[in-house]
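Each of the next two complexes has chain A plus one more chain, namely chain B in the first and chain C in the second.
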Partner chain A sequence: MMGLLSHAVVDAPLFADAVGRFFQPDTLARILIEGLGKAAIYFIIAIGLTLVFGLMGILNFAHGAFAMVGAYLGGILMVVALSSTSGAFTRIVFFIVVVAVIFALMTAVGSALEIGLVRPIYDRTPMYQILLTFGVGLILEELARIIASSQGIQPEPTWTAARDTIPGFLSAPSEIIQGLFGTNIRGFYMFAIAAGILLAGAVWLFLNRTLYGLYIRAGSEDPEMVEALGVDVRKAFTVVFGLGTGLAAVGGVFLMWDPNWGPSVMLNLDVLLYAFVVVVIGGLGSFKGTLIAAVIVGIADSFTTWLFNTGIVAFSGLPEVTIFLLLVIALIVRPQGLYGVEEVGGH
Partner chain B sequence: MAISPVDDPVSDGGADASAETEPVTDKRETRKGVSADGDEQQDRTRDGADRHWVGQYLRDHLSHIAVVAFFVLYPGLSAALAGIPALDIGIATVDPGAFFDAFLPSMPFMIAMLFLGLFAMSFDFISGYTGYLSFGHAAFYGIGAYFVVMAANGLIPGIPQGTPFVLTMVIGATIAFLVALAIGAVSFRLTGVYFAMITLGFAQVMYELIRSWGYAATNPTEGPSFAGEAPTPEIGVPFVDSLSVAIGRLGGDSFDNLLGLGIDLSSTVTSYYAIGLVVLLSYFAMQRVIHSPFGQVMIAIRENEERAEAIGYNVFWYKMGAFGISAFFAAIAGALFAAFRGSASPDDTFYFLVTADALIVTIIGGIGTLAGPFFGSFFFESLEDILSSQQGGLAPYLRETLPDGLLGADVAGITFLDVINTAVDGRAPLYLGVIFVLFVLFVPNGILGTVRDRLGGTVANRLPAHLERYRR
Partner chain C sequence: MSLLELEDVHTYYGESHILQGVDMTVEEGSVVALIGRNGVGKTTTLRTVLQLTPPREGTVTYRGEDVTGEPTHEVADRGIGWVPEDRRMFGYLTVEENLRVSVGPDQDFEAVRDDMFDLFPDLERFREKEARNLSGGQQQMLAIARGMVGDNDLLLVDEPSEGLAPLIVEQVVEALREASAETTMVLVEQNFPLAMDLADQFYLLDHGTVVESGSTEGVTAEDEMIRRYLSA
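Then we have the complex of A and B:
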């Protein structure tokens, strides 16, 4: 650890300087807005996982792979449909269409997977559901790798052609923020915030205004009672697993444009790990918890990224370490998560 | 008679028709570690009054002996089979040698099997026996690997550069043991998914830190490797040169015309035996723990933790102990891995996927059976070997043996050759994933677990009875 420490040691004048820089409106705005943008992304990739866990008690290890499939499918649709001359408006409209199409498609795929693979093993211990979904994730990742490389696309690090379908005003710094706070923030983060709010609203409405939402909320509190009251739990499981898959894929479509991610087979594990962090911190199965945890993780991410980018801390892995430390600390301090139910997820 | 521990399995291999000397030799090995001058004692055990005891012991360990004999004989066997010359039988050439060369796992994969097997066994030790999924197990593997490489490079304060590998390996494993206790102290307050998550969190934090730890390696994302002045890792009795052999892909010892028997051992085969010996000893150590009262409490915790606690066991400390022991052997596996490869990289040691490999082979081999993960690992590496084109393998074999007409036959513009190139060559992870899912669905107890269910007990216990039945 000596090497690390010598990197991380901050000289006193530098420290004062850093504090001074931190309390400037443009820095604060930057950390906050970029943090919310990242929070939106984290929310989008995690919400499907928490829904599935909430009702079914299944930790879906194929979640990241579904996001990866979504990113690639979205990329294919965007690359095929758009030419380099397409305007920003066309791109946005098309993006929304792609999100809808992929959500529908992957919801169907997820439901089919649930019926075919997950359903036979509900009576086993939760470990087998983890293992099964993990295996499905491995297969999907490897299939994506084979198909991508057979089409001449590099499976790693990222498929740039798909990432570059982002309209210019989203990849460039946002002018509105520039005018208001005098700081450069990628337009994409503004777009992500808007999308995250929309999605959170949609999921909230689904949970609170529909029958299946009611099942999920009830099921995450007392699954046996729900069953006893005559709900067709099997059908509800199929629907919810499908929705979770669809939401994961939608998360993948968003990541396609994200400057830090982009379509690649690495999404399988990366999305999985970060979605886990968010879901566990928030409490497995809790919508509110996931939302708040996403904001915490997003702000922590943008703050530590700022620390590194300004050279205050010369340790490039700081954001990742911070995020996983948050997971560990959250589990030590409050194992059931911010809004989780205590009994869920134990033995 | 200064047989080095590594030569021994070979000489066993030679005398293996009478496989009964095997466990006795094993005993001798362990004892020799303590006192180099134990011949007198051994002879007494061997030829002494209590022949019956030895016979019973051998019968009890028949399955162990068979397995060890197989792996001891494997290098010679596979070389002999691959060396069968091609036969021209008029209509076509039959080349069984090429077939065996393509389908029998080659030595580098067999060595990978050894340390993956040990790592998976240590993973199973905690996950399969106490029921606590240790998703951050790669951290201990990484500690073992990094410790030996850094110690060899003189980077660990207090450990001089020339310290024998065996010592640094054990010290590294002890550190892993202590780290496991520290992690366990906070993690064992949690159960189920939460335990898996917090261990994963710890491992990922360490992974990210190691990736940018400039002290360990000049390029931390690539990880450290044995520098020029670092001694070649040797397995054997520390400080006794004649009882140690160097291992490693490049710098390992090789023996020509061993003991005048006309057997040549390449450096890879020497490493295979040396590493295999450590794995075997580790297996017996872990098996001893499992069969002790301590191990029975571990199983009780898996079956019903509340009840184990109610009986009066302090389950927390049993779990801590099991976690520590498991971390110890995971670190041994990591040290062997780094020693053979000559380097350690964060992605091959601390990363989540390393744990995932252990998880996969544990499930395929049979979770909750100690030897199962080892067989799972054998299966895993065989598949890797067959589907990779590094050393023989299916794809080159098909390309060479199939007639050109078939290879060139195309359906909708895709030739059969293209199919082989994209769907076979280097695609082990895909088929492994499929096999893994099939195992989870249809063989949840894994290979060894299913065999045990069939036999109605452990193989070691049931096999003699079964053989007895066939003899009559």
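Then we have the complex of A and C:
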């Protein structure tokens, strides 16, 4: 045990040096901005999951697979449409178009899945929903594996051709951040923060400023009552499952460019795992909880990554361990999550 | 033509046979009280009208049209409002949003809402407050208002006085009296004098069947029939 610790934690003088460096403005800026960038990604991959659970009470175990499909479809569209001479502006514009197309396509796919597969088992126990969605996830993962292998994209861990469609100014350190804080942070994280804010704003507006959003918020509390007030809750279920699927796929498109992820069949389980961590900490079904939990997890990820990078902790798995430790603490201290209610959804 | 008719209605929860051949007629403009001991099927009758618990046998007719087996939202859309037991507010929605859920997209919400605020002035004061932060009496007012909006011609009201202080019950009764001037009402109420005070007609249920019905005029808690079926 002592031997393990002596390998994991470095000498005291280095520790003191690291603490001193932590309070430097460039370090704090780095942890904060990179943390917010990671938080944006966590939010994007988790928001669909929480919406589906909030209204429908369904734990969608196919959520990660939908993100994986989004990453691969996004990659295909980007690789086919762009050439090595495509400029940064073209790449960004095309990325936005791809996000819109994949969102629309996968929302339609999700709606069809809800009508064809999920709706017939509403009256059964949650175990049926878990098994069904998990099964859909495994089928999609195997399909992706087969297609990727046959096309020569895999077995490399991630599909680098798709990841390399990112414009140079997003994969390189941001000059703006460098100028302001004197620290190197990938431009992608700034892009992710902007996208996360836009997406959070769009989802918030949908939930709080549209009639359908109102039905969804009411339905997440008492779907039977909403039905008795003349609203077709089943149709709302279809819309929400479709939106959840579309948002998961959009998350996948972003992961395609993320230096820490990239298109891979592993996204199925990885995204599912991290999305669950975020929504459980935030409170299943809570928009605000998901947003705040994503920020907590993102900052924790960024901080522990910095600890590893500076050498204060020599254990490379520290960020993952910390994130799951946060989950354990949340489950012990506040099992319903930061903003969760004790019971939500259901039929 | 009656507004609502139930004919030989049999409703089950799983294998439990709750309504065992209920016949009931509600005329437009009337207030009908459903009375009986706990567990005789009063709430189930309201749920059956809305098809929340559809009957296995028998028919439910609204404005002459058979609505048996129709999806609940379509039945509600025909103009039936529900004020459920325990009120079932959307606690995290504001007073105004609770009302908004009931009003269809093609209706003028502002006009409908203002009508309700005229009827229940307290609600206007708390329009931006989340329903979970209202008192029991205010929640009951909101539940009644929510049931009335949306061009509803029939209001199904379940145990409106339950769990409320006597002073608040008086306010709720007044609200129901005002509501009854605008809409037909079926009222489930354990408080017998209150039910008789509000209703024109009554149906007395026992073991899932109607054992007595008629005008409420002259009916008192001392009547032999009432004592037999309502005493604990």
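Quick note on the criterion: the second predicted complex is superposed on the first by the 332 of 347 C-alpha atoms of A that agree within 3 Å, B and C clash if a C-alpha of one lies under 4 Å from a C-alpha of the other, contacts with A are read in each partner's own complex, and residues count from 1 in each chain.
Keep in mind that, in the parts below, a contact is a pair of C-beta atoms (placed from the backbone, for glycine too) under 8 Å apart; a residue touches a chain by one contact, two chains touch by 3 or more.
All values reported here derive from a predicted model rather than from experimental measurement.
Colleague: Can A:222 be said to touch chain B (first), chain C (second), both, or neither?
Modeller: The answer is second: A:222 touches chain C but not chain B.
Colleague: Is A:184 touching the first partner chain B, the second partner chain C, both, or neither of them?
Modeller: neither
Colleague: Look at A:24 in the shared chain and tell me whether it touches chain B only, chain C only, both, or neither; answer first, second, both or neither.
Modeller: neither
Colleague: Chain B or chain C: which reaches more residues on chain A?
Modeller: It is B that touches the greater number of chain A residues.
Colleague: In the superposed arrangement, which partner chain does A:332 touch: chain B (first), chain C (second), both, or neither?
Modeller: First partner only.
Colleague: Tell me the contact category for A:232 with respect to chain B and chain C: first, second, both or neither.
Modeller: A:232 contacts chain C only, not chain B.
Colleague: Looking at A:211 after the superposition, I want to know if it touches chain B, chain C, both of them or none. Which is it: first, second, both, neither?
Modeller: In the superposition, A:211 touches chain C alone.
Colleague: For A:127, using the defined touch cut-off, is the partner it touches chain B, chain C, both, or neither? Pick first, second, both or neither.
Modeller: Touch partner of A:127: chain B, not chain C.
Colleague: Once bound in the complex, which stretches of chain B touch chain A?
Modeller: Those in contact with chain A are residues 131, 133, 186-187, 189-194, 196-198, 200-202, 204-205, 208-209, 211-216, 305, 352-353, 356, 359-360, 363, 422-423, 427, 429-430, 432-434, 436-437, 440-441, 444.
Colleague: For the complex, give me every residue of chain C touching chain A.
Modeller: For this pair, the touching residues of chain C are 50, 52, 71-73, 76-77, 81-82, 84, 88, 90-93, 97-98, 100-102, 104-105, 146, 150.
Colleague: Which positions of chain A touch chain C when the two form their complex?
Modeller: So the residues of chain A touching chain C come out as 211, 214-215, 217-218, 221-222, 224-234, 341.
Colleague: Note which residues of chain A are touching chain B in the complex, please.
Modeller: Where chain A meets chain B, its residues are 1-4, 7, 59, 117, 120-121, 124, 126-128, 130-132, 134-136, 138-139, 141-143, 146, 149-150, 269, 273, 276-277, 280, 284, 315-317, 320-321, 324-325, 327-328, 331-332, 335-336, 345-347.
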